[in-house]
Amino acid sequence: MKKLTALILGPVALVTTLITLWMGYFVTPADKVQGELARLVYIHPAQAWVALYLSFGTATLASALYLWPRTRSVTADRIAAAAVEVSTVFIALTLITGSIWGRPTWGVWWVWDARLTSTAVLGVLMLGYLALRRANDDPLLRARRSAVFAILTAINVPIVHFSVVWWKTLHQGATVFTDNRHLKIHGSMAWTLLLSFIALSLDFAWLVRARYRVGSVSAANESADLEAALEARRTEAGA
Amino acid sequence: MAIASLRDIVVTAGTFPLLAGVNLELEGATSYVVTGPNGVGKTSLLRLLAGLEAPTRGSGHVLNFDLATTQRRQVRRNVGWLGHEGSFYDDLSATDNLLFAARALRLDVALVAPALERVGLGGRLRTPVKLLSAGQRRRLGLAWLLVRRPQLWLLDEPYASLDDAGRDLMSDLINHATASGATVVLSSHDPVRRDVVASHIEMRGGRIERVG
Amino acid sequence: MAIASLRDIVVTAGTFPLLAGVNLELEGATSYVVTGPNGVGKTSLLRLLAGLEAPTRGSGHVLNFDLATTQRRQVRRNVGWLGHEGSFYDDLSATDNLLFAARALRLDVALVAPALERVGLGGRLRTPVKLLSAGQRRRLGLAWLLVRRPQLWLLDEPYASLDDAGRDLMSDLINHATASGATVVLSSHDPVRRDVVASHIEMRGGRIERVG
Amino acid sequence: MMRTAYLVALKDLRIELRSRVLLWQVLPFGLMALVLCGLAVGPDARQQSRIAPGLFYLVVTLVALLVINRSSQIESPRGTRTSLLTLGLDAGGVFLGKAAAMLVQLFATATALLFGTTVLLHVPVHAALVTLPIVLLATATLSAAGVLYGLVASSSSSSATLLPVLALPAFAPILIAGERSFSSLISAGSLSRWVLLLIFSLVAYGSIGVLLYGALEES
Amino acid sequence: MMRTAYLVALKDLRIELRSRVLLWQVLPFGLMALVLCGLAVGPDARQQSRIAPGLFYLVVTLVALLVINRSSQIESPRGTRTSLLTLGLDAGGVFLGKAAAMLVQLFATATALLFGTTVLLHVPVHAALVTLPIVLLATATLSAAGVLYGLVASSSSSSATLLPVLALPAFAPILIAGERSFSSLISAGSLSRWVLLLIFSLVAYGSIGVLLYGALEES
């Protein structure tokens, strides 16, 4: 079963992504107001979903599992790291596609909207996580610290979210794009949208798995290296 | 009962094995001298025994606490450590440092002043630790051990940077400790002083070659 | 000619006199051992000779440079210093550290690799200095002296934390240095090793009590 | 736990008293930063008064970074974090103690800065006085979070630069909450939800700290 | 002198390459500080575009503090500043080398932040491009001044907190000059006098550094 999943995950992810792109480009119609740019709806929301919920949830869960003594394992640590890495990529993509989408309507690349701002803050938190991992080379220490940091980040998510939403709504009356966000969804568009969520979620799973594999292969190499290193150390004359 | 026992312990820093498979049994009320060439892993062994390093492989107990679990914290709490760098707050005076530590561990605060006097720091009670000389800092570490009276003493090159009087004091303390039932493990490059009776632990290449 | 001469020098840290009036003449091609109890001012004296401390009172010359003026910088440049802590960049490897220093002082870069080999660091060329053991760091300091070949060597407790082979090496180097005309001043708590011939400088209370 | 907390707090404050870093370095930095922010915003006074709350909390956040850095440096003499470690004290207590000491320092500095803000950026005095309890709440949250992030960032050789990256995003909500509540006292706006947000954060960081500080200190 | 400068700069950059502090810590910090400034200022976009230059330079100044701190930390392994000291290198060369290495790092970060500013705070792209040479000038001045202040602060045990107090007042004119010249590209105003001010400061700090760095290193 596990083997089968491993075997088909990649191809399935690839195919669903391709179908999504094909439907997004050729099957669904362009929007009346936004034109071709509206096709970003088949990629941007799904990216955001993966970046903020799927991957961040995975990372938090894995970190919590790592911190709980009964379930502590290298696997959990590695999955958390892989999820954050992938999530960083997806957040970057969300920011990029969002900016491209917003540019014609807003006239600028960025507005201080609640959702945008909180995404950016979360992105920096992810970078912080990666920086933290880089700064420690002792694996145990690194695992412990980054797990705690991930938990801290998780309690931050609702705090950041509400603070930014309230911050925005207090000052600003009409939001520029609430109207624009209201795309009329029907028929093939709805299906494509749904498919895009499935496709990007699969992509996420695939990437995390790949990253996890790279992690465990290099760890395996390390433990093979450890045998060699132990041998070398034992025969050392001392200096 | 053995006060510490290590079985096949490997400790790594990154990918480098500081300790490459250590087996050791330490008896109570005895002193041990760890010897071996530079970089062989003496400091690492003492840090492992102090609960300051986690084993990557193998298993071990110190004072009945498991080194592989979070009981390591308990080990730290119950062990007396005297290292190269000294673990004191640089901005506080000798007295303040010992008072804080003694209070935090609920030890007898009245022991602090006599201990400082005994190690010869009577004239530097108010000087911030960062201004003390190398030997005075080492003596402060000694004073802490006097207040602490731990069951297991771990001394990393305790004689280094002490003058003759300091060395005699150190030997006295070690003998006194073993006489009162504590175990002392020290690393040293000097041939062990004749006034300290101790078993030798010889290290080579991150392992223990010979005990006796 | 005297290689260094100090007259009534006082060095203070804040209000505390580290050195309380020091008079000293050092001859060329000789070694000196500074002795005295902990906190007496040995390290401070060596730092003064290295141009790392400025005299508050008194006057002095080292290698013909005036200690009371900005010539102190020249002193530093011409003196070989081996201290407790080692003055290397923690993040760079042993090789990178020596290469940088050698290039900066226009010394022969080809000397670096053999020097590291000679002090026994051949197996740790790429390890960042912060990961070296206490003795290995001391050996790195030695390697630097081998590349540097200074006229005046100032060694603060050079034997501390070295193993037997390291001590022999150190003695060799000291003898070699004096034989080739350099002056060596070292502080030490160990009785000076028989293989090094040296005059004693005895300190007491921040002053020099006796030379000979 | 409370005993440990008390002792650790006392020790940190005593070190602070000895070195006087707060008075001579942190506070002047805060005032300087306030002036600098004023300069960066430009000379229009009306505008300054409007963004004064934001600048005040921005500066408090920066000051917090300095104090956190100092507080975690204290524990690592010569780069090796062995002092509290080798004592093996109750972790929750150490956390609370360090946070309490940091709160005392931060709140004192913030009060002084608040005074500076009223003078330099033309904030009504009554607004400043009324906001003081909220400043206390905000600095408490900053302290609890700060001790945690300080420890997470420590022991790496570059902790002084790592800390800001880790802590700033987490401080953003605290900054917003403080700023909004302060602004609501000057112009208008709702206050209670921001206070609630701060209380929630404080409780969250506090309990996570008591629970997880030990796990961090390990290894 | 030039040789020493070259070697020192190379060494500093090599240490930076080993640790990658710039990419992973300083740059994210800068971006976050930019966002935080945006938050502190409030959500009105029009206002933001106007004070963007000021915020940009404010963040660059903060980043400079981090980089300076790091650069002077390098020279003091285990608290004792003896490495370059005991070599007794040509002081002017050491100064120039450290300043050059810092300039490379600061300018790279500032360029990235400038890009961030154009996106986040709606600065016209052409203005950002035109101002780039002035950013180079300003970061050069910051570096020259920074190396000096870093050295002065490093003798104290609490250098991380001392540095900001010493350096910020000196950075204020640089910040104003940068901000004014940048603003003049967006709205209107005179540019040349600010550029002149920057050039003057750079020359002043540069020559003071070359001449006095040795004297400072003493003691």
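Labels for the chains are A, B, C, D and E, by order of writing; each one numbers its residues from 1.
The rule we apply is simple: a residue touches a chain if its C-beta (ideal position, glycine included) is under 8 Å from a C-beta of that chain, and two chains touch if they have at least 3 such contacts.
Bear in mind that the values here come from a model prediction, so they are computed numbers and not experimental data.
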Legend entry - Number of steps on the shortest touching-chain route linking subunit B and subunit D: 1
Legend entry - Identity of the chain that, by mean CA position, is farthest from subunit D: C
Inset, instruction - Would you identify the chain whose Cα-based centre sits farthest away from the centre of subunit E? - result: B
Legend entry - Chains linked by the largest number of contacting C-beta pairs: D-E
Inset, instruction - Averaging only over C-alpha atoms, locate the centres of subunit C and subunit E and give their separation in whole Å. - result: 37
Legend entry - Centre-to-centre distance between subunit B and subunit A (centres being mean Cα positions), rounded to whole Å: 47
Legend entry - Inter-centroid spacing, subunit E versus subunit D (mean Cα positions, whole Å): 25
Inset, instruction - Express in whole angstrom the distance between the two chain centres, defined as the mean CA positions of subunit B and subunit E. - result: 45
Inset, instruction - Please list all residues of subunit C that touch 2 or more other chains. - result: 90-91, 120, 124, 130, 136, 139, 163
Inset, instruction - Send over the residues of subunit E in touch with two or more other chains. - result: 19, 24-25, 28, 32, 35, 39, 42, 78, 157
Legend entry - Multi-partner residues of subunit A (at least 2 other chains): 121, 124, 127-128, 131, 135, 138, 140, 167, 236, 238-239
Inset, instruction - Using the touch rule from the top, collect the residues of subunit E that touch subunit A in their complex. - result: 20, 24-25, 28, 31-32, 35, 38-39, 42-45, 48, 119-120, 122
Legend entry - subunit B residues within the subunit A interface of the complex: 10, 12-17, 20-21, 36-40, 54, 56, 69-70, 204-207
Inset, instruction - Sort out for me which residues of subunit B touch subunit D in the complex. - result: 50-52, 54, 70, 72-79, 81, 83, 85-92, 96, 100-101, 103-105, 128
Legend entry - Complex contacts: residues of subunit B adjacent to subunit C: 13, 16, 36-39, 43, 84, 120, 124, 131-136, 138-139, 157, 160-167, 189-190
Legend entry - Interface residues, subunit D side, partner subunit B - complex: 4, 7-8, 10-11, 14-15, 18-19, 74, 77-78, 80, 82-83, 85-89, 91, 214-215, 217-219
